[in-house]
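One chain, chain A, links the two complexes that follow: it is found with chain B in the first and with chain C in the second.
Here is the complex of A and B:
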């Protein structure tokens, strides 16, 4: 079948095929049909993803009014600004810390869910995935209200223990903590679900063999669970690194970059400069700084995904 | 069965059977204890939304116990659901999501079918390209896209910016790559004999798709639909950039820009709006949890 299908001369023979003898004709026009079926996809990606992506490279070389070519002038300007380096630092702190805690919490919670009888797992899984289901813009509003400077429900509770009041979004360090906390709250369920799916695929015999060899629970995790889950941990972490690095909603709603630009990450700062400050070229240059990290993560993901494809 | 469960929980091989089951019991108790803690952490914001939404603004500003409703009232719900502005946001969100889901399915199902079954020149590269496109985040493209649409308006005179339907062009860039990718996975798992039999019986490629592939891969199709819907319902950055007039806003942006007036936060209404905005995805999730999870895990495990 595949040999016939590979014939390249596929144009023509357009009449509808009904009879058994028409099989060859049907296969002949296959590649034309296939191309037509993928055409909307190709047009969409070319016009609305690839073209804007390359266009932003061009935009980054223009001046604010977009009439003069300034080469790397925008980048030179950015490198001289302290705020830019603050944004670079904060983006890295934000993404790395958040992904680390998401991965850790997801791993721990997945183990607890895996531990309890199968009958009740569905219910717990259902509850624990709720943060991922609520649109982040909506749930961040709830967090903003929980962190409110004068009516904070957290500070109310903590006051009974003699702690606080904590300036959740008012102080630079606490604001950094808060945006990471909300991001971990939002993203940890994704890790939990992925790990849980992969935990279930680890063969029970491996644990039995390990138990016979006298392995304790830590050794079982280190020598059986982790190696078996290595691939899924890598893919999930890289995925999450991309999403977290490019995050916009949570930081924008919770702190809008404040206090004093200390919680700005690339996306929110690009929005502040490019859309609110209407300096589109400078905004485009800022968001281009996300590309190297995203590209590295994407290359590793692609390698892993292809490896999985070849194995199966 | 029981001996297997006991083995699994045993810390070492030397303990006696009785203490093994006791250890198992304690491990279970700890599991439930920590799961309860994590569940509280997960459900805290939505529950707090519900608590606040039932309070009057007088009760909120009186700063009584924030975790309890002393005088429950539905005035926030009545206020929002009778406000034309809020209903307009809801309608815009619903229209955008429904159209985007339709467009996404019309583009990605045929494309996935072609890429999974009808190998042609460059199909493998295209499949990889689709996956890479899925990894490009919205925060990288919003500035050039805004400029592209502004220029399109200048050249053709068709003004798309600040119209809700501009989102119908933009959201598919987020939904189509992922949906195509997971549909490729689902289609590829269908045995080849099935479509060969259909072809021999005289079915055209189109008939093979609609009569065989779509019914067999229906779970995948549902998962992809749910994904496309949740993404378009939750998207915040693109509508914030592309729409500004209050009658063109979708729900997330509408709540944030209209209910927050200067420094005055009407928290009762904001929380009610947020809860109503979170309701459609939550309801879908409550009824179709398994499809939702299938779509979530398919992205990285299929392919």
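Here is the complex of A and C:
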């Protein structure tokens, strides 16, 4: 270990002197210095992430008035409620569908942008990133206005084709469609920019080699592009799955979980129960349900990434 | 296998002409090397043959068919790239068989071809490895294997040895030559390394500024260069060029290098150059091996002169000596035991039997 300062042990030195030199040694170690430098961040994370996480674990074991320890009572209660299972189902549909479409649209758009000559590419890249950089609460308000059943731009336009009026946020299925649509609109640029970066790192000669080997356009994507992008696809999917699963603002603003709880996902339902319904322990229990689901997904995806990282 | 022909092929990028109307006939089984400095258009020419670049004008024919608008996959060619371009997620066997799998060859035949190519290239043990687990030389073999299994009409090599270290480059050069002796596929090979060009080629095509300077066997290029560019490009160290002019003194033809130095031409050379106007500004082209230490007995056509050496470079089997002759830096090759020392005077001999005479203005070898 090169980072350990070599100091000859002074045999027979007095005890306090040895102690001080031990401290000096520890401070000289690179690992100690690194730890000290990251300490502010560690404290910040401990205060803002770890403490609330453990506190919510504690909260989930209390009764509604937070006076009595009920163990797993809150969870038992949740399992018996139909709304809970509806929320589980909706969260999964919302997250999986939205991530799937974000990835698909991001991939297609990234390809188009990649093929734009370098001169105009920056402009397009910038414009296509706009949905992602607008605070989602703001843009969702604009979408809410577009979805308005009576005066909205969408229904007005559709009326020319004899369609509608469509109850965008009033009907359960349309409301689910609407929240997913807005989430896809907001999140696809992130996939686009990640995939674009990944596309740019695929050596052009691999495509040329594939073209000479006889691969057509589709085979080049299937045999060259996708395998070369697998790690980025896996990591962005995982990342987006976590963020989408934990989404709050879009659903909250667009439908507030309605109609009749049919668009509630974990975060919005936890808010409804915990804050609006004043049952903080039950709300904490709901939000804790996201942890095991996301942990399993993370383990699977990261294990795959790791395996391929070692391979290639 | 097939012959390849280029007819007035032009490549333009916006208003820059990278290749300026070249004509080239490559015979079946021939190993042709395109050589030239960077930016001379050699790689562009190769990529046009491959179909990776469109041609702006002219025709390219493979096996007698015009392939101008035929996509790369239908030209029946195989290419080895400078950085190998192996698919990193596929094993060696998968890399080699990729083209055949896309064409839906029977599995048994794919296996047989891959096994045969692996045996030929001595990579049988590596067949299940990924490219990352291979050394540069091994990757190069796999890239060649990928080309061989396809059994194409033409092999195209784009500076395939540039990424290897000097020792491996020599080794792989011999491997490539051996492979060509076995499979005899028509080959077009691009390099900027004239040693590679000379050692590998049946014929070398020297390119400069988008044009072909000269086509010929390695020996022809070395001994009978057509232009100053070829004379200077082929051979290392490069040919020396000394300003001179012709003059008649007492019925014999002389070349005068300086006011002090003039040599009578050997009879064969005198006859060849006799018709040239005496007023032209000329260049005497002389390879370093024809500038050696002076021996006691000089053969006919060998002239001596005294100079002071600037720098000497002992190479082991020979010593390179650098000196200045009337303002022109010159390089010679002397015996390591000839006593050449930095800054020391030395008597050198010029073998005019191997001289070249060039027109200074046009650069044409006379």
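Rule of thumb we're sticking to: the second predicted complex is superposed on the first by the 261 of 312 C-alpha atoms of A that agree within 3 Å, B and C clash if a C-alpha of one lies under 4 Å from a C-alpha of the other, contacts with A are read in each partner's own complex, and residues count from 1 in each chain.
The rule is short, and it goes like this: a residue touches a chain if its C-beta (ideal position, glycine included) is under 8 Å from a C-beta of that chain, and two chains touch if they have at least 3 such contacts.
Being a predicted model, the structure only gives us computed values, none of them experimental.
Colleague: With both complexes superposed on chain A, which partner does A:228 reach: first (chain B), second (chain C), both or neither?
Modeller: After superposition on chain A, A:228 lies in contact with chain C alone.
Colleague: Determine, under the contact definition given at the top, whether A:99 touches first (chain B), second (chain C), both, or neither.
Modeller: Neither partner.
Colleague: Could you tell me if A:211 is touching chain B, chain C, both of them or neither one (first, second, both, neither)?
Modeller: A:211: touches chain B and chain C.
Colleague: Check the residue A:219 against both partner chains and state whether it touches chain B (first), chain C (second), both, or neither.
Modeller: After superposing on A, A:219 lies in contact with chain C but is clear of chain B.
Colleague: Is A:203 contacted by the first partner chain B, the second partner chain C, both or neither?
Modeller: The second partner, chain C, only.
Colleague: Report the partner of chain A that touches more of its residues: chain B or chain C.
Modeller: B
Colleague: Between chain B and chain C, whom does A:31 touch in the aligned arrangement: first, second, both, or neither?
Modeller: In the superposition, A:31 touches chain B alone.
Colleague: Can you pull the chain A residues that chain B and chain C both touch?
Modeller: Residues 208, 211-212, 214, 216, which sit in both footprints.
Colleague: Okay, in this complex, where on chain B does chain A touch?
Modeller: Within the complex, chain B contacts chain A at residues 4, 7-8, 10-13, 27-28, 31-32, 34-35, 38-39, 41-46, 48-49, 52, 60, 63, 65-67, 106-108, 110-111, 113-115, 118-121, 123, 126, 128-133, 135-148, 169-170, 172-173, 176-177, 180, 192, 196, 199-200, 202, 204-205, 230, 233-234, 236-237, 240-241, 252-253, 255-256, 265, 267, 270-271, 274-275, 277-278, 281-282, 285, 289, 292-293, 296-297, 299-301, 303.
Colleague: Would you pull the chain A residues touching chain B in the complex into a rising list?
Modeller: Counting only chain A, the residues touching chain B are 1-2, 5-6, 8, 16-20, 22-23, 26-27, 30-31, 33-35, 37-38, 40-42, 44-45, 48-49, 51-53, 55-56, 59, 105, 108-109, 112-113, 115-116, 122, 124-139, 141-143, 145-146, 148, 150-151, 153, 156-157, 185, 189-190, 193-194, 197, 204, 207-208, 211-212, 214, 216-217, 232, 235-236, 239, 242-243, 245-249, 252-253, 266-267, 270-271, 274-275, 280, 283-284, 287-288, 290-291, 294, 297-298, 301-302, 305, 308-309.
Colleague: Show me the residue ranges of chain C that touch chain A in the complex, using the header's touch definition.
Modeller: Answer in residue numbers: 50-52, 71-73, 77-79, 81-83, 85-89, 98-99, 102-103, 130, 132, 146, 150.
Colleague: Along chain A, where are the residues that touch chain C in the complex?
Modeller: Its residues touching chain C are 203, 205-206, 208-216, 219, 223-224, 227-228, 230, 311-312.
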